[in-house]
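Okay, handing you the structure first.
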Amino acid sequence: MSDEIKDALAKIFDHDAGIYRDRGFMRRIGYGKRPALINIDLANAWTRPDNPFTCDGMDTIIPGVQALLDASRAKGIPIVYTTTAYRNPDGPNSDTGLWHLKVPVEVLTEGSGACAIDDRIAPLPAEQVIVKKRASAFHGTYLAGYLRAQNVDTVIVTGVTMAGCVRHTVEDAIAEGFRPIVVRECVGDRVPGVVEWNLFDIDAKFGDVEPLDNVLDYLRRNDTA
Amino acid sequence: MSDEIKDALAKIFDHDAGIYRDRGFMRRIGYGKRPALINIDLANAWTRPDNPFTCDGMDTIIPGVQALLDASRAKGIPIVYTTTAYRNPDGPNSDTGLWHLKVPVEVLTEGSGACAIDDRIAPLPAEQVIVKKRASAFHGTYLAGYLRAQNVDTVIVTGVTMAGCVRHTVEDAIAEGFRPIVVRECVGDRVPGVVEWNLFDIDAKFGDVEPLDNVLDYLRRNDTA
Amino acid sequence: MSDEIKDALAKIFDHDAGIYRDRGFMRRIGYGKRPALINIDLANAWTRPDNPFTCDGMDTIIPGVQALLDASRAKGIPIVYTTTAYRNPDGPNSDTGLWHLKVPVEVLTEGSGACAIDDRIAPLPAEQVIVKKRASAFHGTYLAGYLRAQNVDTVIVTGVTMAGCVRHTVEDAIAEGFRPIVVRECVGDRVPGVVEWNLFDIDAKFGDVEPLDNVLDYLRRNDTA
Amino acid sequence: MSDEIKDALAKIFDHDAGIYRDRGFMRRIGYGKRPALINIDLANAWTRPDNPFTCDGMDTIIPGVQALLDASRAKGIPIVYTTTAYRNPDGPNSDTGLWHLKVPVEVLTEGSGACAIDDRIAPLPAEQVIVKKRASAFHGTYLAGYLRAQNVDTVIVTGVTMAGCVRHTVEDAIAEGFRPIVVRECVGDRVPGVVEWNLFDIDAKFGDVEPLDNVLDYLRRNDTA
């Protein structure tokens, strides 16, 4: 992203934030008592090169998620990973639904290496790996019921893509009654600009965007396991 | 079930049906244009002996489902199987949610033979196998979105158990906007009586209970693939 | 219900309970920390005479619900009522969905007296009244998200009908991660037998059926408001 | 929005679209056979001045929606309006859930004039008015079940706000199995820039953004009522 475009986005965010604050938007939702860590689509199709779904920024995202995993595991906090994969992506009666009419989900075959979680952040046996078919981690999955049964009230969200699965997950999270906290350094996408404007929209209306250090402090203080 | 109990149930169903009909219940929902076949929990834990979940009646249910599969495959009708299985059934932060507090779901480990679909009715690669965590095939799964994207308007339901997963699936099906047809010979359970009273309740309020031959005729006439 | 039929049902429940217990079913889910009271369809169409939906047993149900309301209000426990009503029950593009093809929902017009909560148990302004279109209080409503945002983990369920809306609500409640407690004296229906067999199924698999006194004790001890 | 910012956004959209197209994103979902018209939050709080929720652009949006209503009514196409309103927005156990922690939903009292649909586009008795509690028209509402029961496969979406309720509705629509078509001239928001970047994200991944004339042509050709 050129400096010119960065400056333009900064200007419009600043202007819009003024309007939002005047009207009572952009409030802080804050951390709750019992968090879960939700890592969205950090599978090889997104984290490694040469896939239509490949995203940028893994040099920052992966170490950040590793730190969040360490802090969460030390406290017994529920950890959930998602991947997006299809049993029959380009056959008849496919489970891609209508989504292949917009994006190339036909390359995401369930059980393939592309759809496996990146082994730099591999799930432990007691952690959940949810195979979703749609953008949101909540849509058509057992996530909401799982979190409620675990008494979770706060979801720490990482992963990709910001303009797709992360955003939809955050919108659903607050709708379902969970406080969404998006970790600034741990979300990414594959085209410039969309991380910035989606974080702006989310922080205005759906959840708090927080720096990694702040989230790690919160997790390390937690005693709800 | 003793003849005495059978007679008593027949009497009460007859009496209740009279009240229902007088008041406008027990109507026929009928078949729609585009069906899907939904086989509930016909995995080895339910279809084979010696599991807490073992059900009766497989001598009738399995051949019936085989006939339905043949008819559906010949017409390209979407076919969905469910199983119930957990990644971490007796560990911390388990995906059994609260259900292990009522029933022995701790024996249903994802990936185990117990949770695999019975190979007498094995799924083909293009057919969906949904691993659900709850009773209903719709709850916390992509089933409703899948069926809508396939233009399905009617669900042919088989499997077990009648008092649990089959009943909840049928209730959700009509709520989601699909016509539920329960195949009389292809549903079962593990304790006497519950098949009868749950079919009675469903036929009164949620879906039509139809004999296998009638359903096979419908599938063979279908031309929506 | 004749004594003969009562005896037959008692025998079969006793027999089935033996099988369930041997296999690890019929466990107790127990009370959680933070309850809500959910009153299903105690609107005039169900609680008063001369409607196709009229139910029996209001002489017991209404005073029981009054006692539960008193105990819940004293503790600031969230209270939810449901009713079932349609904006356009017999017109084109109706919101009855497919349900009018099974049951006479065409008599339930939104805003009519029939669909208003019975004034013997009238809601206060701070209590929720959810107009639902389907059997379950959770299906197509904001109930799950509402309860989660209130940190509720237990739902005390009353109302009608046992074979329809109460049963489906209880099944969905445990699926969503809430402990269902059905108040034995405060549920009813319009045909004999269905209360008994649906309570039997629920107690085996989905929630605990408890006497009113036990539930009142629990509510009076609660301090989570 | 200054020309400088407009130019910067145009540049970044153009750059990103190149990447998306190279990778197989930005496909066309197209119109299906049976549409419904969904008007999001065109109630007075959003369409009239002096409310925290007031949006811009009603001089274009309202006439556009009037034309869509005329075309849809002429064809018997299902029409749905949403509003966002709360029974008890600032009391205890409120149905605002967690959303008042981010945005000023406490001003949206159910039954108030602010939450009534703008009378320039007033609903007819046979049209649905869904009172939602969250951003998406699908979340916690009967919309998906309603549309399926009507055999709808396509949703024509208008209204506000683009960065909130319209975007979340479109994401849910495709997830539920409906083709989302966003009418370019009939969506708006209250801060500059967000209409543009949210339409860009949607057109890349979730639904087609189409000009009003194109949508009107489609509706006028429709014969599915």
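All chains are identified by letter, namely A, B, C and D, in their written order; residue positions are counted from 1 within each chain.
Here is the rule we go by: a residue touches a chain if its C-beta (ideal position, glycine included) is under 8 Å from a C-beta of that chain, and two chains touch if they have at least 3 such contacts.
Since the structure is predicted, the reported quantities are computational estimates derived from the model, not experimental observations.
Engineer: With touch defined as above, tell me whether chain A and chain C contact each other through largely the same residue numbers, more than half shared, or through different ones.
Structural biologist: same
Engineer: Considering A-D alongside A-B, which chain pair is linked by more C-beta pairs in contact?
Structural biologist: So, comparing the two chain pairs, more contacts are at A-D.
Engineer: In whole angstrom, how far does the Cα centroid of chain A sit from the Cα centroid of chain B?
Structural biologist: 35
Engineer: Determine the centre-to-centre distance between chain A and chain D, using the mean Cα coordinates as centres, and give it in whole Å.
Structural biologist: Roughly 24 Å separates the two chain centres.
Engineer: Considering chain C alone, which of its residues make contact with at least two other chains?
Structural biologist: Residue numbers touching two or more other chains: 97-98, 134, 139-140, 144-146, 148-150, 175, 177-178.
Engineer: Across the complex, what residues on chain A touch chain C?
Structural biologist: 144-151, 153, 175-178
Engineer: Which bits of chain C are touching chain D when the two form their complex?
Structural biologist: 76, 78-79, 87-88, 91-95, 97-98, 125-129, 132-134, 139-146, 148-150, 225
Engineer: In the complex of these two chains, what residues of chain A are touching chain D?
Structural biologist: Its residues touching chain D are 1-2, 4-5, 7-9, 11-12, 15-16, 19-20, 23-30, 52-53, 97-104, 134-136, 139-140, 163-164, 167-168, 171-172, 174-175, 177-179, 190-194, 197-198, 201, 204-207.
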